[in-house]
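Listed below are the structures to be examined.
The following pair of complexes shares a single chain, subunit A, combined with subunit B in the former and subunit C in the latter.
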Partner chain A sequence: MTDKRYGANFIHRQSFIELDARERATALIDAGTSRELLGPFERVESPWLAMQGVTPQEDDGCVVMKGKIAGQAAVVIALEGAFQGGSMGEVSGEKMTAALDLAYADSKKGTPTSAVILLETGGVRLQEANLGLAVIAELLGSILLLRKYAPVICLSAGMVGCFGGMSLAAGLASYVVMTREARLGLNGPEVIEQENGIDEFDSSDHALVWAIDGGEQRFATGLIDALVEDDTPQVVEAIRRFVGEGVPTVHRSSQVTLYRSRIGALDTSRQWDPKELRTLWTAKSATEGKQ
Partner chain B sequence: MSEFTGIRGTVWFRALTGQASPMSGDPKSVLTSDAPIGKEQARFLCVVPDPHGRFPCARHGEVGLEEAYTLATRVREVIEQCKNTIKRPIVAIVDAKSQAYGRREETAAIFLAAAAAADAYGSARLAGHPVITLVVGQALSGGFLMHGYQANRILAFDDDGVMIHAMHKEAAARVTQRSVAELEKLGKKIVPMSYDIRDYAKLGLLYKLLHVENPEKPSVTDIRNVQNELAGAIADARGGPVDLRNHLESKEALEMRKASLLVRSKLEAHWLEN
Partner chain C sequence: MAQQMLGRVTRSWTTRRDEKRRRMQLVQPWMKGPVLPTARVIEALGTLIVSGDSIVLEGDNQKQADFLSRSLVKVDPGKLHDLHLIISSISRPEHLTLFELRIAKKIDFSYAGPQSLRVSQLLEDGKLEIGAIHTYVELYARLLVDLIPNVVLVCAEQADAEGNLYTGPNTEDTPVIVEAAAFHDAIVIVQVNQIVDKLPRVDIPASWVDVVVEADSPFAIEPLFTRDPRHIDELQILIAMMVIRGIYERHQVHSLNHGIGFDTAAIELLLPTFGESLGLRGKICEHWTLNPHPTMIPAIETGWVKSIHCFGSEVGMDKYVAARPDIFFLGRDGSLRSNRVLCQLAGQYAVDGFTGSTLQMDADANSSTVTTGRLAGFGGAPNMGHDPHGRRHSSHAWLDLITENKPIVRGRKLVVQTVETFQKGDVPAFVETLDAVQVGKHAGMPIAPVMIYGDDVSHVVTEEGIAYLYKAEGQEERRRALAAVAGVSPVGRKAVASETEALRKKGVVAYPEDIGVRRLDAKRSLLAARSMEDLVAWSGGLYNPPARFRSW
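Let's turn to the complex of A and B:
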């Protein structure tokens, strides 16, 4: 308890990471307004897992909850990292995409409906391979539709992190919120090590993994919008703030000129200390570069 | 098969545009050109290997940081040009090994570069551009999400050298703790796991499978047929909605994606209840 990072309030914190997907979604929605859609009692589960001897789950690891956030219409879609690593299957992916499309329809009709997506996922569920990849492509299309009318907010709290095709969902989001414990990247460290060897990436070097993919680094380099403690009231406050901010003037994924020039300026003859990037890509210059 | 990645991309890019070079200021790994399809000028894009590329993990036809931002730039250029005029078609020729797997890539946020490429293609589609994907070789994983999967029509060659998949066989076997042989056997039983393009076609995501005599060395007839098919796909895309709902409307999807359709109808009913 001598660590200065943790104040006296540390022991009173209400961990968000320790909550499951359903509890997380409930915590984000204004008290008394939440309603789960297509819940586990509907028993719409993956048709592909049982064929492979894998036990399906009755919500396919995806919780959709409609309600209000800071008094405004919203839908929260939470992936359950404890089921198949939060992976995207046909059903979980379709739940997410369909919910976004319904939010889009309402938003277009005059009721802006924000979407909050809780990303604890390694990406495609390989047992559903091509349908997993397809639902991710469809999901990206649906984020692009909705984010013109209402903010799409991605939250990665940990501990699974957000990898694979689903990192593109975070990339397309209007706002991204992370904790220090969470990680965000396209390829997980193990995958890079398998593909290109331990010299390219030593996945057992956890300090390196968090130095690159961790929430603190992603925030310090201007790639996400808020870094929060693993504390439920703080997480809720951040989400409410971004719902209130509405649709941003420009989305990060559309700032192609800025990021293309940043990539062009990097010295690729060597590996970088991730800290170098904090000076090159400060959060401030990302704002300046908005076209 | 993977050592040939990129050959088909270059061959077909040249066949359809008459040349195979990058635009000024672009890396050699991204070919962009405007060429006629029917009476209009379409924009063609393709990612190819560049053994001397700046990023060591993106030299074999992978879609890396530079490739993703270049694609995004060249697609956005067309959106900008056509702001107040007829929306020109955009054709993605795909023979991409995968996304680039590297430490530099992760450090410099390839997830955002990937999103930027998907954003550009998806925004072009939503703006009314017919976005057509022609899979001539491999279309794998994140590489396909960045370059190809936001199209409103996807065409692929009916050929053993064509593969659309979430992950290449060796890696998928490792992650799911199976042997490659077991994986192939499962693919015969479970359609979405199959590596065969004819099984992929059963998922309802393809507009058409095209027969081509020799994909590595196309004849004049092959090229003309593909051009006609592209023109057909462009016209079809113009006549349909700009979102991706066609994925679920094909007769194959009605069979293969029953679960998706059930999710949609139930979720919508619950959404409307109050």
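Let's turn to the complex of A and C:
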């Protein structure tokens, strides 16, 4: 046995990755409290995809579910990675922004409403280019407003991962939760390879990609708050915990000095091994930075 | 007087032996026993091989004598040219560089998967002449008949100072290549990963080996038999459910071979769940001839599998295989001994059935994986996917396919083809004419390169249902049965509802509901493993997937 993680329990786990966006959102909300907002039967779909030969979807790949988590008001916004790679279009982006704004309004009125954003996305939907970019800017603003009143929790479970503009959303979140199968990064591996060549980054080298972008590495270097197994009860437990913790004293994205000094202290003239960064940037040192 | 009439020739009977001795003497000064220093390899190849020779280069389905092939392209083409290359799998770019440099001229091969496009181009440019495209066993059989080599270049994991070889779990094709050479005065040159004092076991004895050279890096090997369960979709699961119920259960298929693909991976992963719920453990799928597919792990761990004989090994499976000696064929050292030729033979003569997927099928169930512009060859599928008429022993499944009531009848091997009615996009899998016909004409092949001939196919399974082709009476009914499961493809659109209804009543066609399979049950949750992580877990951590299959 090379790893004690593997056993009968692992085989019989309820995989969270196997769930689609709607099932994921439902799984996170307290049983019997969920209702979907602007669901597929409202038939609000992207007007831009059909004219480019792409079949649109009637929820535009974004599921908004209102309900309670651990007894507290919450909204879950889940991107469907199977539809256009979870990309952000005009409609899906507006759905997400509006949901965050409603949560902000409720929170301000005295009902703190946490937001859980399920990120399986490569970022902007290329077919909707500027509209996608604009909407991401809007929703980042909405996250900044809401996070003062209630926690914004980002979860990336896999297998798409979270890249591009939406990695900024994860960056602004109060808490980020990942599985070891998930990946988080600004530029996706394929993009880096395409722009800077295979010597810079070989996107087919899974070991390399996960060593840098994978959940384990992101957790070990203190860039996220929890690493969970691909197991629905474990994912649910982590989200409930962060909803309970409420707004953090200091958000990660406010710790500008800490992260600047980390990057500044790095000798970029040599190639670092991702494992070395784990000792250099421990999860612990990030917590200390919050003091 | 009698002697005159018989025309007895006066000649030397030792030309091959003399020539081998001559060449070996030229390299003798560089060698220590059978061991050649790594740095001398290019010179030695240029000396031991002579223009016009027939050579075998070990390029198997999986392992590659890549140090020797990379060295051979560095030999001066002015000195060495016009070789006849015999290779089972054209896998590496340098295999074809030999033709661009004109070191080699003619090729006899089985499979050209990754290099198939370049083969077509070189053929068109007149730089490559094809003897024939074979199946694996045919090519190896011809090494003993009319393709007898002068020099063979093979690979092994380890050698000792005397030249005994340990091939490791991926024995694959090495024994037959060396056999054909060593006993007919050809020169046997072996690249090894390592020269050691004591071998774990001897796979090839030193007296069959002439030259051993330590390679600059371990031989290349590809994980060709690994399928990530994450990519198995619900159509494939539905097809797998139908195969289990409508074919394996119905005919009591005890021994079998599976091709490689997501359809068959789905079947393997449904045995411990769907198969178990039908109470089929111990009744079907006990004895296998196939590589250690990682997707077999759950079925092995749940007691479905009694034995597996392998063509080759699979990257990452060595530790797991070594820990299951009751199931696999292992050496005294504890590691797998595979053998492609013997496993192919077993897959032809000893199993009840073969199941494999295909990409294109015509109205007569002829199928092919040939795509326009590529000469991919055959590999081993046609050997598995046919009914060997030389079989004489019977089994329940073999007898169950008898349809005639005559004093003399023969049983039949099950040849099951799974195919989704449409490939990716809107390309129909069922077509009027196989692409292979055009490709064959274009490449000047004497006959169209058909992977599995329709008359060998006993069952076709699509997401629509099963066509029990062996039961069909006459060509017309056979075509109607196939059309009934061919969906809205050009072939399927010829189906007439009333005829299909009659065929279902007669049992020549079955839709899922006819065999107790509920379409809505075809969910990924039915797979015993849904990810590579699950397979690792089932193996108790013994399976170590190659990096490209890891997503953690």
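Rule of thumb we're sticking to: the second predicted complex is superposed on the first by the 286 of 291 C-alpha atoms of A that agree within 3 Å, B and C clash if a C-alpha of one lies under 4 Å from a C-alpha of the other, contacts with A are read in each partner's own complex, and residues count from 1 in each chain.
Everything below uses one rule, namely that a contact is a pair of C-beta atoms (placed from the backbone, for glycine too) under 8 Å apart; a residue touches a chain by one contact, two chains touch by 3 or more.
Predicted, not measured: the structure shown is a model, and the values here were computed from it.
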Subunit C versus subunit B on the shared subunit A, clash or fit after superposition: fit
Touch check for A:Gly214: first (subunit B), second (subunit C), both, or neither? second
A:Ser15 contacts which: subunit B (first), subunit C (second), both, neither? second
Once the shared chain is lined up, is A:Ser204 touching subunit B (first), subunit C (second), both, or neither of them? second
Which chain makes contact with more of the residues of subunit A, subunit B or else subunit C? B
Between subunit B (first) and subunit C (second), which, if any, makes contact with A:His251: first, second, both or neither? first
Tell me the contact category for A:Lys66 with respect to subunit B and subunit C: first, second, both or neither. first
With both complexes superposed on chain A, which partner does A:Lys95 reach: first (subunit B), second (subunit C), both or neither? first
In the overlaid three-chain picture, find the nearest pair of C-alpha atoms across subunit B and subunit C and give that distance in Å. 15
Let me check the overlay on chain A: which residues of subunit A are in contact with subunit B and also with subunit C? none
Contact residues on subunit C for subunit A in the complex? 230, 524-525, 529-531, 533-534, 536-538, 540-542, 544, 547-552
Using the touch definition up top, name the residues of subunit A that touch subunit B in the complex. 37-38, 42, 44, 46-48, 51-52, 64, 66, 90-91, 94-95, 98-99, 102, 124, 126-138, 140-142, 144-145, 164-165, 167-172, 184-187, 191-192, 194-196, 200-201, 212-213, 218, 221, 223, 251-257, 259-260, 262-264, 266, 268, 271-272, 274, 277
In the complex formed with subunit C, which residues of subunit A make contact? 1-3, 5-7, 10-11, 15, 17-18, 158-159, 180-181, 204-207, 210, 214-216, 230
Residues on subunit B engaged by subunit A in the complex (per definition of touch): 54-57, 65-66, 69-70, 72-73, 76, 99, 101-116, 118-120, 122-123, 125-126, 141-142, 144-146, 149-150, 164-167, 171-172, 174-176, 186, 189-194, 200, 203, 205, 243-244, 247, 257-260, 262-264, 266-268, 270-271
